[in-house]
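Structures given as structure tokens follow.
Okay, so chain A shows up in both of these, paired with chain B first and chain C after.
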Partner chain A sequence: MAKKEKKKKLNRRDFIDRGFRVSIGIGLVGIGGVLFKKSKAKEYVWQLDPEKCIQCGRCATSCVMTPSVVKCFHVYDMCGYCDLCGGYFRPEAKNLTTAAENQLCPTSAIVRKFVEEPFFEYDIIEELCNGCGKCVKGCGAFGNGSLQLQVNHRLCVNCNECAIARDCPADAYQRVPMDNPYIFSGYSNEENKS
Partner chain B sequence: MKQKLIIGFSLVLLLLVVFLMWKDFYRSKSKVQNNPFEYNIDNLKNIDPDLITYKEVSQLKPDIEDLIAIAIDKKDHIYLTGKNKVIIYKDNSLVSSFNIDSTAYSINISSNEDVYLGILDHIVIYDKNGKQKTKWKAINENSVITSIASTEESVFVADAGNKIVYQYDLNGKIINEIGKKDTLKGIPGFIIPSPYFDLLIGIHGKLWVVNPGRHAFENYDFEGNLISTWERTSMQLEGFSGCCNPSNIAMLSDGSFVTSEKGLERIKVHSPSGDFKSVVAGPDIFEEGTKGLDLAVDTKDRIYVLDPIKKAVRIFEKK
Partner chain C sequence: MKRKLAIIFLLVIISLQIFNSFAIQRFPKPEFESGHTQPPTITPDPRAHALAILDVFVLVAALSVVSWLVIKKRSRKGVFWMSVFAVLYFGFFREGCVCSVGSLQNITLALFNPEYSIPITVIAFFILPLVYTLFFGRTFCAGVCPLGALQDIFALHPMPIKSWLEKVLGIIPFIYLGLAILYAATSTDFVICRYDPFIGFFRLDASFMMFMIGAMLLLIGVFIARPYCRFLCPYGALLNLVSRFSKKHITITPTECIQCRLCEDSCPFGAIEKPVLLKDKEARPIAVRRFLILGIIIPVLVIVGGFVGSQFHENLAIVNPKVRLANELLNNTNYGETEKEAFEITAFNSAGQSKEELFKEAGSIIKQFYYGGWILGGFIGLVFGLTLVSLSVFKYREDYTPNKGTCLSCVRCVDYCPVLPISNDY
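Coming up: the complex of A and B.
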């Protein structure tokens, strides 16, 4: 009798009912799995590689934020503390003074401070820097390349498709882990950057 | 028939729209967008041809893994060194070569044709046939010997690590330190941010040392007294820019200085008092980022430029 009941075919209602239950079960397990995987996976953010950067100016103009979240960072360990700083002065500067007409930066975002004869320190005012890269080009051409452009992750809103990455002609933008979001050329000591 | 035409036309139109959308999304990255913040340094790299008074006449291509330093003796033998080797040329022809057991970063030929090699922190002396004569005691762990010059009585060694010039007697004993900061004597001290620190004995027998952090040339007597100095700080041709220039120097028979720079790779001639005279070679003939363009001058005032990237010695003559 029991054997007979076991062999009894499912009717259509039970089949659909059971099918729904199994589907819901698989769906819940799948969603749970995806959420678990996401919670364990590393988050990634956008960053530009200074080695590839060609200082084209698009970091300043393409970012969805105003001013751009790309800023000049100073790797002090690499700096020569030059009096005639190629990142600070225009080539045609007649005197090495802080007069606006001598400065290369269009927003005067670099502060020149006397350290001791003949050394000067250069600090970046983050609020004024628009990420245009003029100073980076000057420092690279005449100095040690201690001024470098980076996406500032205190300011970046981490768009899915970064507008600057899309426009970058050098393909210098890449996704990097959020727990190590900066790429510096030459040095990597976090304490020596501003 | 009319319906088929409409369907066909619509299909073509649809494909065209899809193509344009694809092109817009994936191929529209404009490569010629104007840069409102353009910083054009080409005008510094482009040199007025009238200012270039030398021409490249030939090249030496030595068989050496790393080509680092050059010196020319009084008979115009050209000595080249670098990794594990010294090579000697005369009139563009190979004369001889010998192996050394490490990398030499500087070379000098004494009046009796001994070969002085700067091996990081010490000096090794060979005769011209490659037999090692002596090896002097290492200076200290900070030492980076970047240049050597010698007279009949002394050997002068530029140490970029210790930021000083050591004067040795011919037995390898340090007898004086030259260029240490001394405000009472008016000696400013050497600023050496990178290992480019050159010196030479001038035509009048005095020691000339580059102070690259100050873009200066300092002239000392053999007691270490500063006799004279000149400096030229400028991104233009008349001076030197960046953290440490000129990186290397040589002297012509009239006392003019031949200088090489890094950053803006260029070879120039300055008068004995520092005024810009002419250009030997501009940045256009060097690979961008070339550093360590060591210099030498022969008795005919031909200028020899060691190009470490192209692994060649480039020879320039007056036009």
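Coming up: the complex of A and C.
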């Protein structure tokens, strides 16, 4: 008698368990299905929109990686090859030479090379750049705006939520499709390729 | 002379104050006579999409192998080496994102925010461990989750903690889960990722504070095994609920329990339940009275919780950057900056959105938080109520069994059981 009762009890428990199991299973499949419908096979990566960027300098400090994976990118197509480069020289620079005291970049990450009179070419040393955006501000204010901040995707670990996006005062960060991961202002990567 | 001209030109530009005209060809690109070729703008590609798909395959493989090791082989050694693999692959090689724990926020965001389209790999990372848990118990926690695996390796000298403390601390993951869902649903923040204590170790890079929290948890974890998994992990809370109804679950003994009590203290997570014999059962009238009291207490807890939660909706909402901005603009507090205009204000002024629009937007977000506060508070009240129920409900149990909810399927207890499996070796 006692044994029979026990068996019955266990069965009831099993039955309830099975009921819950099936309903959880259906729930999971349901959520999966709903999300699958609105999902994209594409992966997303974080990128900042230079049009919204106000060069506050937080990209250099908010990134989870040290140094920041945000780097200055030089869009050579937009560069005026100026001698007096607003991105290279400090505003109060005494001489237009490569001496450290004249440079705007705190890490000397910009190399100035003479091309031909009166043009100079500026290259970014990615390893030195910390993404502070000082040169971007200078170039945007006085020049063509060919220096632009972008997330370097070789270095970015693609956090689920970008730590810089959270701190960005201009809300310039967004998820962009992986196959077109760079946004340049006034210049399209695609145009250049074709 | 040229330099002077340039300086004069500059001064003209400055006086014109065309600061906002970003990306304007003030100086046309020169035609080089010396045959200089312009270097290309280098845009390095992100991590290949194929690797993300590979991650899903590795996840499925790892879940299958661990489940097999737990259920069929009952091998602690195997599970240990799988956790080492998880730390190496999902931790150090993949460097963290996206993980199943964080993916629950992406799922919530995708359900509530129509603009966000979620990648399929993220759905897989959320759903697969839950499905495996539904069949085999929390094998994901045992040896696939890199966060759990890292702590498991550090659980060198586990000590038992008081069961009341275990119960109370066990409520935290549900509160954390509720908060994470609230913040993800309102597109405010991914709190789980923000306060992930171990990702810094995998990336070998994090803020000092997060390193400290991670190191503290690992140190505590030497004595109180897997503190994050048991007392914080919000995904673990979900798995806990699902695992209770798992089809198969690891058993301590391979055949029949002989009540030898050898396994009693073997579980570092306090997840082994002792037998409850029939004679401990309380008299029926007391049980009925208790049932009635609980029937009153739970709805009261839910309503009180909801009310309290809704009263805190403004405090909860201030985390949202838009609400914060509206608040700072309204009170002219300038983010506590005294020397210059805060960057947020500068950016707002240059973006061209009117204050009224922002206030309206912030108002609707605060309203969302009001309803969210009710739901969150009610949910927390419900969790408290159900914890009470689980403490007072009588459950007849003859043998030593793992608690299907809190058991992490680590297979440690199996080695303590002297009962041999029925095999052909004898």
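In the analysis below, the second predicted complex is superposed on the first by the 148 of 194 C-alpha atoms of A that agree within 3 Å, B and C clash if a C-alpha of one lies under 4 Å from a C-alpha of the other, contacts with A are read in each partner's own complex, and residues count from 1 in each chain.
Definition applied: a contact is a pair of C-beta atoms (placed from the backbone, for glycine too) under 8 Å apart; a residue touches a chain by one contact, two chains touch by 3 or more.
Note that the coordinates shown come from a computational prediction; the quantities given were computed from them, not determined experimentally.
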- request: Name the contact category of A:38: first (chain B only), second (chain C only), both, or neither.
  value: second
Query: Once the shared chain is lined up, is A:118 touching chain B (first), chain C (second), both, or neither of them?
result: both
Message: Applying the document's definition of touch, where does A:183 land relative to chain B and chain C: first, second, both, or neither?
response: neither
Query: Which of the two, chain B or chain C, is in touch with more residues of chain A?
result: C
Task: Name the contact category of A:109: first (chain B only), second (chain C only), both, or neither.
output: neither
- request: Determine, under the contact definition given at the top, whether A:132 touches first (chain B), second (chain C), both, or neither.
  value: first
- prompt: Of the partners chain B and chain C, which touch A:21 in the superposed model: first, second, both, neither?
  reply: second
Query: Can A:161 be said to touch chain B (first), chain C (second), both, or neither?
result: second
- request: Could you tell me if A:144 is touching chain B, chain C, both of them or neither one (first, second, both, neither)?
  value: both
Task: Based on the superposed arrangement, let me know which partner A:60 touches: chain B (first), chain C (second), both, or neither?
output: first
- prompt: Can you pull the chain A residues that chain B and chain C both touch?
  reply: 56, 58, 80-84, 86, 96, 118, 141-144, 166, 169
Field: Residues on chain A engaged by chain B in the complex (per definition of touch)
entry: 55-58, 60-61, 80-84, 86, 89, 91, 96, 104, 106, 117-118, 132-134, 137-138, 141-144, 166-167, 169
- prompt: Where on chain A does chain C make contact in their complex?
  reply: 9, 17-18, 20-21, 24-25, 28, 31-32, 34-36, 38-45, 50-52, 54, 56, 58, 64-66, 73-84, 86, 96, 115-116, 118-119, 121, 123, 140-145, 150, 152-161, 163, 166, 169-171, 175, 178, 181-182, 184-187, 189, 192
Query: Along chain C, where are the residues that touch chain A in the complex?
result: 2-3, 6-7, 10, 13-14, 19, 22-30, 32-34, 36, 38-47, 49, 52, 95-99, 102-103, 105-107, 110-111, 114, 116-121, 123, 127, 130-131, 134, 189-190, 193-194, 199-200, 203, 205-207, 242, 244-247, 321, 342-344, 346-347, 350-351, 396
Statement: Counting only contacts in the complex, chain B reaches chain A at residues 29-31, 33, 35-39, 41, 43-44, 188, 191, 193-194, 213-215, 233-236, 241-244, 263-264
